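See below for the structure under consideration.
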Amino acid sequence: MGYFVDTLNSIGATVRNFLRPPVTVNYPAVIRPRPERYHTSFALLHDAPGDELCIGCLACERICPSFVIEIKQAPKRESPVTGKKRGYVEAFTLNLTACIGCELCVQVCPTDALVMLRTPEKPAFCREDLILDVKRLYANEKEKQAAWATGSRLIEMQDPNVGQPKVEKKPAPVAAAPAPAVTPVAASTPAAAPAPVAAEPAAAASEPIKGAS
Amino acid sequence: MAVIEEPRSYFHPLYDVMLSTPGLSVGVAPLDRLLTWGLKNALWVFPMATSCCGIELMASAAARVDLDRMGTIMRASPRQSDVMVVAGTITVKMAPRVRRLWDQMPEPKWCIAMGSCAISGDFYRNLYPVVPGIDTFIPVDVYVPGCPPNPEALMHGLMRLQEKIGLQREGKLVPSEPRPDFDAMVRPPALSRIGDAARAADLSDRQEQAALTMCPDAAPGVVEDEEKGFAQPATQATPPLNTELVELLRDRFGVTEFPLNAPPVVSADKHLELAATLQKMGYRQFLFVAASHRPAKEGSEDLCEVAYGLRTVGAGTKEAIWQVRVPTNQTVPSLVPLFAGADWQEREQYDLVGVKFAGHPDLRRIMMSDDWVGHPLRRDYPADKECAPWR
Amino acid sequence: MTPGFIIAALLIFAASIFTVRSSKLVHAVLWLGAMLASTAVLFIQLDAPFLAGIQLLLYVGGVMTLMIFGVMLTKKSGDGELRTESAPALRGLVISLALFGLLAGGIFSMTNGAPALQKPEEVASIAASVLGEHWLAFETLSVLLLAAMVGAILLARKRDAGAPESGKASPR
Amino acid sequence: MIFAASLAAAVVIVVLSATALALWYERKLAARMQTRIGPQFVGPIGLFQPVADLLKLVQKEEIVPMGADRVLFALAPPLTVIFALAAAAFVPLWPGVAVVRSDVGVLLVIGFGGLAMVPVWMAGWASFNKYALLGAMRAVAQSISYGVPLVLAAMVPVILAGTMDLDGITQFQATHHWFGLWPIIPGLPAFILFLLAMLAESNRIPFDIPEAESELVAGVTTEYTGMQFGFVYLAEYVHTVVGAAIGSVMFLGGWDGPFAPGLHWLLLKTLCLFTFIYWIRWTLVRLRADQLMTLCWKWLVPAGLGLVFLSAAWNQTGWSR
């Protein structure tokens, strides 16, 4: 008997679905809002006066869990902006074909030179198109939209004195607050930024329950 | 560097007849456009999904993205599909099967490598069982980057494929700009890839056959070479000993033993103090908590071993790993007050191993249902019979 | 002797020959199906669509299906090559000629006495004669078929006394 | 004769183009039931999707597996279409007009429906593929089992109307009551029984175990490529369209309608039935093989026998005469 009732119920469910508006987001025309921490591709940045930020310290190459970064350091030379001697890169190659998007390279970057992008890379006809060389990485800075995270912001966020989220008195609307599109989160309000580890989902899971009881 | 392989064109017999008949050859160009339009707009996908990218592949056919909008449906038989979407890590054992399914597809056919694992093997590409990219044995038409790419990216990939089909049929496909050959530059050389100019020169026919079939039997003489191709030695040096941590543990926490293959053991009452000290020293990222159960043997009681890992953030990353051993019925101080990231992970250890964390704000089951009896990863959990609540 | 009849008769003839001469059992079954279907064409030409429908439903749909099951469920008979013994050709010829003569004699002796077809009332008259005049034979046949079915079920049933009661399924 | 031939040609063309439209319609319907949009980019609201599919299938390589029986393999898909189309000949289009008028139309339609199993089995056997063969065997078993409730359900309007002529059944329904399901007790259950049996005969979900993707790759069609597959695909839809038409003739009064009886009523009723069949298809899950047989022999056949008895009893009361 239960089978027939369930059958009738499911037949009703398809009718209800039929009457609902489709949930499809018309992809090429409309792009659905991406999560705040959405990041896919990479770019290297310049500082305000126009000098390259990357000093070729190899920190990102060393931390990369899937060995996608290869840096060839250039000899130290004087910066045209500050006049100080500093390192530069001759070649910076990022193999997007094997990147897992863990963002560790951004996190360790001492000069905030490497950032991830919100604009996805185009699917390529050829695997070489997915190997980002220095030229392409600097071009990405101008062409594409960057994610908010930089090395110093990620580190500040995890600082116990500044940004360590306290379990007892977390701000209630953290989980429900609509994520700002690409607004860089200032260091003074790090609680709004989700921690890279599982802190935020935990807050999201436990917060409404506490509020209700 | 790799070049784009010859466009694989397959012409219907109808074409040949029309081309050879004088009056009808006029109709070939419009017919060709029509047929190309048909090819482009009815791409049926063969879902070669082996791991997490497969979930995104499923999602791309579901309501939010809906590949059916562009006429793409999934077919279960390779005989009726046009595009093989390889989504997931392909192992050496799987590769011959993938190749076989690919061979069973009728021309004209295309292949999309979805996600890092299919494109290059991702960070498993140096492991012996993993194929470093499916283009070592299947010609790939479109690479969709991501780990995994989201459904929209796959749809974008299919649109790029449509674009490519059009370019192929018009003979306008141009090779992309030269870029550094990453595999040759950084890591030990991976298997040469289909479409690679060097491939034809390097490989003898039998080696090529072996690379295609991934089967050592096909080329008894080149088994060694093949194995080298996949089983590359780990290039990572062993990480240096964290002397800072060793000194800290020895001086302030009274730890004397530092075994090579296990984390040092810290007593449960000093555990929280150690974590707080490390946090002040800059170990601000919570890495993991992993527990295991050690059943009672002669001379030792029923123990739970709980290993914790922390890491510094920023350049020059260091890791600190230690473990706490407590009898099963006692508690371990929770790290959640210090590291919010420990919340779910401690819940998981509680759920599966049964470690009780003192001071955890929300110690509930996270994987098993709330009415589950027992902790499945305990050694004394009965593995050979079904337990409550499921029978 | 209309052209339609000749075509149908030739079809039946050829299909019967192929049924006997096919080297694969599956082909033989399919040719048999073709033969039965051609017979249905013959019925239609004789203005007996009811019989044609029955022919399609029972013979092509039913008997052939049973044959297919017989072929597929018996061991390996679907794969092997069949050989038709051609050695006792003379014997076969004599027997088939004798049978043909017997049947032909019977048919030709009845030509004058066969009842005329009652076209407009065909289905109704069949129904009336089956359920009215000949009801006893009809019902006896039904009982016979029922008995055959029960017998087949009994034969096919597994006889293992140690098996658990069918009502109580094992926990898994 | 000429009229009949041109009518036949017209019916074939109409059924085939209706089938092409049905392909699009089904995909749109399914999409909406899953709150998707469905074909959208190919032509206005995706209307040319079947055309694109056809053009693509025509261009695909045709593979004959090694070890396959080439003749039977090539013959089976066109035969499925022909047998599926054959039943359309008996459908009365408007009062007194069908391509073939026969006193025993019901019998012939069911006969041709049963025949459709033969090419399916041919395809499965000729493919030289275990999945195809398993699918074919399931199709045959299902077809022969569900033939029984199908005939029993079809007997109900035959007994009520006292004729096996499809047009006669429609006439009877038109003269006695405009809606065909009148004696609601044998009528409605018989209609449901007929629908279920027809779904099973044409191997549609929830009775599509011959092509269960999770077990049998693609069942009988596993080895078919290109246009050969296209034929089988087409035959499935033709079977459903024609089955819906016959269902609407036998139970819903065919061309009979309130204002002006005619072809449009038949088409409308067919469309409704077709929609219903696909509604079921996109709602329910596939039955297991043993559940399928249990449903047939333990529930549907006894129900059909009871309905035949009930309709005979109704005839004895003489209320509908």
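As written, the chain order gives the labels A, B, C and D, with residue 1 at the start of each chain.
Definition applied: contacts are C-beta pairs under 8 Å (C-beta built on N, C-alpha and C of every residue); 3 or more make two chains touch, one makes a residue touch a chain.
None of the values given here were measured: they were computed from a predicted structure.
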item	value
Closest chain to global C-alpha mean, per-chain Cα centroids	B
Where subunit B and subunit D are represented by their mean Cα positions, the distance between them in whole Å	45
Chain centre separation (subunit C, subunit D; CA means) in Å	26
Distance from the mean Cα position of subunit C to that of subunit B, given in whole angstrom	60
CA centroid of subunit A to CA centroid of subunit D, Å	54
Residues of subunit A engaged with two or more neighbouring chains	22-24, 26
Of all residues in subunit D, the ones touching two or more other chains	31, 34-37, 40
Contacts with 2+ other chains: residues of subunit B	63, 66, 69
Chain-level touch network, classified as line, ring, star, complete or other	other
Interface residues, subunit D side, partner subunit C - complex	69, 72, 102-104, 107-108, 110-112, 114-115, 117-118, 121-122, 125, 133, 137, 140-141, 143-144, 147, 151, 164
Subunit D-facing residues of subunit A, complex	7, 10-11, 13-15, 17-18, 20-24, 26
Complex interface listing, subunit B residues touching subunit A	1-2, 4, 63-66, 69, 112, 116, 119-123, 125-126, 133, 135, 140-147, 149, 152-153, 155-157, 159-160, 164, 173, 175-176, 178-182, 185-187, 193, 235, 279-280, 284-286, 313-317, 336-341, 343-345, 361-362
Subunit B-touching residues of subunit D, taken from the complex the two chains share	27, 31, 34-42, 46, 48-49, 51-63, 213, 217-218, 221-226, 229
Residues of subunit A that touch subunit B when the two form their complex	22-28, 31-32, 40-41, 57, 59, 63, 65-67, 70, 91, 93, 95-101, 107-110, 120-131, 133, 151, 154-155, 158-160, 164-165, 167-168, 195-199, 201-203, 206
